[in-house]
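These notes are about the structure you will find just below.
Per-chain residue numbering starts at 1, and chain names A, B, C and D are given in the order in which the chains are listed.
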Amino acid sequence: MYQVEEFLNPGVLAAVLIFLIPIILFPIILLLGKKFEKFRRYSGILATSGIFISFLLSYYLYSLNESFYYQNGWFYNFTWGVFVDPLSIAMAMMVSGVSFLIHMFAIGYMGKDPNRHVYFAETSLFTGGMLGLVLSSNMVMFFLFWELVGLCSYLLIGFWWFKPNAASAAKKAFIVTRVGDVLLILGLAVLYWSLLPVIKTGDPLSIYNILKYANIVPKDQLALAGALVLGGAAGKSAQFPLHVWIPDAMEGPTTVSALIHAATMVTAGIYLVARIYPVYLYAAPWAGYLVLYVGAFTAFLAGTMGLVMNDIKRILAYSTISQLGYMLSALGLGIVASQYTISISIYHLIVHAFLKALLFLTAGAILYSLLDIRDIRKMGGLWKRMPITITAMLIGALTLVGFPPTAGYFSKDEIISLSYYFSEQNPGIYYAWILLLIGAFLTTLYTFRMFFIVALGKPKSYAAENAKDPPWVMLAPIVILSIFSLIYGIFQEGFYKYIGNFEFTLPLYIEILPFILVLFGIYIAWLFYGSSRFSAQNFARKSGFAYRIVKAKYYLDYLYTNIIADRLIVYLSYVVALFDRYIVDGFVNGIGKSFNYLASITRRLQTGIVQNYATFVIIGLIVFLILGKIMGVI
Amino acid sequence: MDYLLLLLVLPILFSIFTLVSGRYSKILSLVFSSIMLLTVLLFYEFINTNFTTDKFFGIGFDVGLNYLSYPLILLVTIVVFAAIFYQDPKIESSYFSYIFFLQFSLFGVFMSQNLFLFYIFWELVLIPSYFMIGRWGGPRKDYTALKFLIYTHVGSVIMLVSIFVLAFNYYSLNGTFNFDYNQIFSAMPSGALYYLVLTGFFLAFFIKLPTFPLHTWAPDVYVESPTTSSMIFSGLLSKMGAYGIFAIFINFKDSSVGWLILSLGIISLIYASFSALAQKDLKRMVAYASIGHMGFISIAAGVYLISSSELALVGGMFMMFAHGLIIPILFGTVGSIERSTGTRAIRDLGGLTKMMPNLAFLMTGGFLASLGLPGLAGFIAEFSVVVGSWQAITYVSFLIVFGLVLSASYHIWALQRTIFGPYNNYLGKIGDMIPREFWPVLILFLLVLLFGIYPYPIYHMFQAYMGGV
Amino acid sequence: MMEIIIQYLLPSFVLFAFGIVILFWSFITSNNRIFSLFSIASGIISFILLLLNYGANYKYFDIFTFDTAGTILSLLFVFLMVIISIATYRFNFSHSEIFYSILLFSTGSMVLAVFSNNLISIFVTFEASSIATYILAAYPKSRKSLEASMKFFVIGALSSAMIIFGISFYYISTNSFSLGLTSNSSTYILSLIFLLVGFGFKLSLFPFHSWAIDTYNGARSPVSALLSTSSKLMAFAIMIRIFLFTFDISFSNYVQIFFIIISILTMTYGNVTALVQKDVKRMLAYSSVANAGYLSLIFTLTGENALSLALAAILVFSIAYILMKGGSFITMENLEEKGTTLNDIAGLGKKRPLLAFSFTVLLFSLAGIPPTLGFMGKYFLFLSLIEGGLWWLAIIAVLNSAISVYYYFRVVMYLYWKESNVEVEKNRHIDYAVFSLAILTLAVGIVIPIIFNSLYNLWGGLP
Amino acid sequence: MIPLIYVLTVSLMMFTVGLYGILTVKGGIRLLISIEILVNSANLNIVAWAVNIADSSGIMFVLLSIAIAAAEAAIGFAIFVALYRQTKGIGLKSLMDLRW
């Protein structure tokens, strides 16, 4: 890790261009598309190629195989610049690659939309923002891109702005993430003031300084900062209790869900925690436990909710949440055990990006050919009709549940085993292991529930009967991604070495425990949904109460939306407005009115009768005489 | 430096020319305002130069430019240029002469170097504002104009008394009268008189700002005025208060005062957000948004008084610049909505993106800037204030960020109701922003974007000012 | 001796002479313009003569002290008289020679009154001017003006009786009529109180103000201009000589407390009651009562520095007061026929731009908006209050002036953005008269801070 | 030689009478009369004192004030006559057009 002084250095230029190119494409595509109707057809290709360039550039950075940072004055003592190390390079390659594939898919998927130029402009802006986020060298700049991708997600969720659900979902996503963001700002504030005395000069919020000096900052301050930053991460990565926005965000185009709400943006929170890992590492222990248990609990909770959804995209959304929980808990494990386990978490992040992009694209393909029917109960028997898509879906499902030898096996089970491994020295982690284990089981259950209902059985709707595979421009990314998900496992060792290795060994029965659970889960899913031996409805009816709670998403949405937002805040605002109108302003007007009233009294003194005036004079005389008497001078 | 007088003479000349120029005044005033823009840009050379005459009773015509006043003068010129470009159809020819007169008095406020001159220009601002509200206002213009006048005037006259007290205290100490900003505060009286002086300046500045209990003139004024006036008033009148706070009020080195104005700032941030959330009228909502932003300025000043955190103070100064650019965008877009649809009621709007894509773009941009999205000028300020204030007030900052969330929520809510969602077909077929509305707002937005990404040019001036202080 | 005193008396004698000349000239012609020109000419001559005496400080025994402050005040009186004569150039009433000659007589006696320094001379000149103004108020014998004059006369006669009483008590306690004598007897205080009542009537201080409002309202506007400015300032000058230079010596805190009460009541009463006036002329009457309150603030001051500052400030205030109040009333003259309510002046900005502009400037000045002269007057006055340590009184005063802004600016509102179909006839002379006053208000306002130094200790007869 | 105190008492009586008149009478002429009484009581005051201390200036003043009072009375009379021409009557209570 060394600092590059001059800007005109190939590495720095490449790093800057990686995120600058897609950002610059945004106005270009927008204006061209606005000016010329027929350019819009090519907007997708332009965006895709631009992102491909940044993919090549990030590969170039990888090939340089050295980590450096460049920073330059921005405002006050904050700097801007790029921070290139294996972590950011890996993220950059993942983001640009996945985004490239999804853009390619979107060329077909959004092909008929009149405003596709807007879509592609915004997605390429998003990609640029995401790449800037992973490459930025300073937390303020990081936060800038952090909010930029949030904005893009807001705009893209509301891409079909005329749909009321889309508009309100966009609003919800923005405000919920905003809650996290302000916590992040406070976290940065704490970091700023805790690092300022430590570093004599320079930028307290530059990532280099944070990594370098975190170990000599008071622990409790670091813990506070970490907790606040975690709040931001929870907002972006939809961790409990701020997870409520992702399922609604599925209102946007499926490609958007694939790109932003599955593969890239939602992992920004994980990346944030991994980026300033030392802050947690040297913090007071409770911060570590917080990270771990937020992650583990989310992994479990989202799994349960995924079980009862019928909207295919929402199922995937909940699985995304739970997988993010796995990543976060992987980091948390390392923190609690004060080990360097970023590699495991990030590896699962990347695997998850592939497989979830794959699953969403397959879902997109299904929606594409089923004319936007999203309820899985209206599907069925699609395997015969769209074989390639559903096969890819199967691959994705297997990878998600971590079925060997798919990549998921190497990433997710690693985390579970890691939790067990640490829980041996540190019993506090034991419950995390339980939660993660159950989470794995639940994952299997809802994934294969979805798969069986969609793939097998009879078509339950007219659209499902004559569905067929989408065109190749959409199939190609699916195929590529499924290949990745299959074979990416072999890169595990190399990846661990690249990011920073952490090895451990466990007895075999622990190693394969998750796998056994997975088999069991698949079997149960088969019993219920594949060969309908048991009826899920009956089961749901039997476990009525629990079912209702889970179905209602644990009433969290109800609490946030209906109680806090619509009742508390809105009624409070009415009260404040009335107060403003009648008390504060009423007071001001009251002063004026009272003066007028006073005047209407005093003017009565002016009777117009001259003798009254004379009387006033005499009264004045007498009063002054009395006054003189009182003062004792007469 | 006698050139400085040019800055004061030109607007007066322009206002006279526009007054006599009859029906050409619209185009002429546009030319004049662009000339002013160029002149002010050229005057970057003359920062930290002063012009003084010989004094009588310590009163002389002392004007000067420093790193705090120059950005504000630049802001005034930019906003006036945009507003004149906007040219609300309601307004007549003589309106522009009032605008230039207002520009003159604002320049005076920002450039004057002694309190007496400051007070004179401060009061002079009332006259053009009164006429601009009253002659071209809405249905309740009489009430609004008189309310604005009395409300702000009461604050000012008490400031006058405090200026006297300071002056005489200085006189009794040094045997000479002296109204200079930097020296007169060395003679701060004690006891009851101290609180008198404090109250005077407090009322004057925090009414103009406006801050929570003293804000009720602002929504009326912003809403009753035609769009051009709203842009100017919301963008510039509040800056007088802000300038007063940063140039004069922070001379009260008193942390209890700091806590007072800090709490007032936080209250008005949250309070304004709540009131904005309840508004049915889009323009009124924007007015409350403006009040909410001004909360940050008192927060910054308060934090500075508590812990002399330079970051927060500079952030507040930058907020005053950023807000001056952002709020006119909001009023401009709202004005063109009103012109095009004939209504400002949020309930009647919806899905305007269909008919007015340009407006949708600019309005989204303006609203996001106003809620402090990074990459736009507002963020730099809010971030500096929040980060800068943590050390002084630690957990109280949660209230500030709560206010941020609230402001985000009502902005987004308004966006969703007006330009997103299904199109309200009762509006019928309506046109997009016309060029005279589109370009000025776009220019302002591009400036906001520029200073959001590259704040250095303005930011370093405020820093230099703090270095000078 | 004799020739010197002549030089000082000449300005007023010129006025008297011209007044008599006008009376006789009325046998030849009854053309109003001739008389107006006569009075303008006489005004100019005596103005020049007064300017020649400027800066002198000459005591004629203890009867007159020709000091510069008095010269400044009398210059103002003469100037206002000239302005009034210009404004009334187009008067078309029968017997307008009476109006002009009595205008000259009253002004002449006022000029003498501000110089007189002895209770006898004070009484004589004061009464002369009062009697002249009774007649002026009655002119032109319309019902309104007669009622105004009647009220003026009754209260005036009563208070002149009070003055004689006061003088008698002074005489009893000091065995002399010349000012500046002290005594500790209670009759001395009695004389103070009676004189206060008697002269407070002229200055329209609170309990004795009632006549003023009706009289200023009922009398013809130029006359109201004269009454509300010149004669008031004359009484004020006399009061300064009596109370500040005589009674203050032995009973300063007594005087102070009296006047603190009086001035607060007067300011507040005038301003508050003016808020609800629909008739502009009556509103101006109330505001002139309020201004009397500002004027009487000077008597609440004690201490060398404060007093010397206040005595200088009061001159600025008097200049401002004469210009703006006289100008406002003369503006009213133009509307006298149609009526002077707010609705009648509505839209004047369109019908008579010049007049409306000048009136607006005068109103700003009355409201104390910088940089007009009215602001400067108040500024220095309140400055002296702070110097005297009466900052709370200063706050009450500035709050009062803040209230007053309401009714002044409401008039501006009607001038510029209200419509009415009242026809206002064009009268160039009034335009010029008021415009010149407005310009002076602005110009002098800007130069005052520069020349303020030269206004210090111009009052002769200081103890 | 009448003792001073007698004279002053008389003048005081006159003062009260005049005051009472001013406050109560209905007609203008009576008002003029009571004002005359008032003024003359004051004059009496001065004269008595002047005689008491044998000072001529007091006498002089009284002469002047009598003359002025006469002029004043004349003016007042003229005003009331003119009023009578306008409104057949000079009742003080009837003249209240200008008020409030």
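Assume contacts are C-beta pairs under 8 Å (C-beta built on N, C-alpha and C of every residue); 3 or more make two chains touch, one makes a residue touch a chain.
Keep in mind that what you see is a predicted model, and the values were worked out from it rather than measured.
Removing chain D from consideration leaves the other chains joined as one piece by touching.
Counted by C-beta pairs in contact, the busier of A-C and A-D is A-C.
Averaged C-alpha coordinates give centres for chain A and chain C that are 78 Å from one another. Between the Cα centres of chain A and chain D there is a gap of 98 Å. Centre-to-centre, using mean CA coordinates, chain B is 43 Å away from chain C. Distance from the chain A centre to the chain B centre is 36 Å, each centre being the mean of its Cα atoms. Contact with two or more other chains is made by residues 150 of chain B. Each of residues 22, 92, 95, 97-99 in chain D touches at least two other chains. Those residues of chain A in touch with two or more other chains are numbered 592, 603, 606, 608, 610, 614. By the contact rule set out at the top, the touching chain pairs are A-B, A-C, A-D, B-C, C-D. Those residues of chain D that touch chain A in the shared complex are 19, 22-24, 92-93, 95-100. Per the touch definition, chain A reaches chain B in the complex via residues 34, 73-76, 140, 143-144, 146-148, 151, 154, 158, 161-162, 164, 167-168, 170-171, 174-175, 178-179, 182-183, 185-186, 188-190, 192-193, 565, 569-570, 572-574, 576-577, 580, 584-585, 588, 592.
By the touch criterion given at the top, residues 592, 595-596, 598-600, 602-603, 605-606, 608, 610, 612-614, 616-617, 619-621, 623-625, 627-628, 631, 633-634 of chain A touch chain C in their complex. Interface of chain C with chain A (complex): residues 150-151, 154-155, 158-159, 162, 186, 189-190, 193-194, 196-197, 200-201, 206-208, 210-211, 213-214, 251, 254, 257-258, 269, 272-277, 403, 406. Those residues of chain C that touch chain B in the shared complex are 364, 369-371, 375, 379, 382-383, 386-387, 391, 394-395, 398-399, 401-402, 405-406, 409-410, 412-413, 416-417, 449-450, 452-453.
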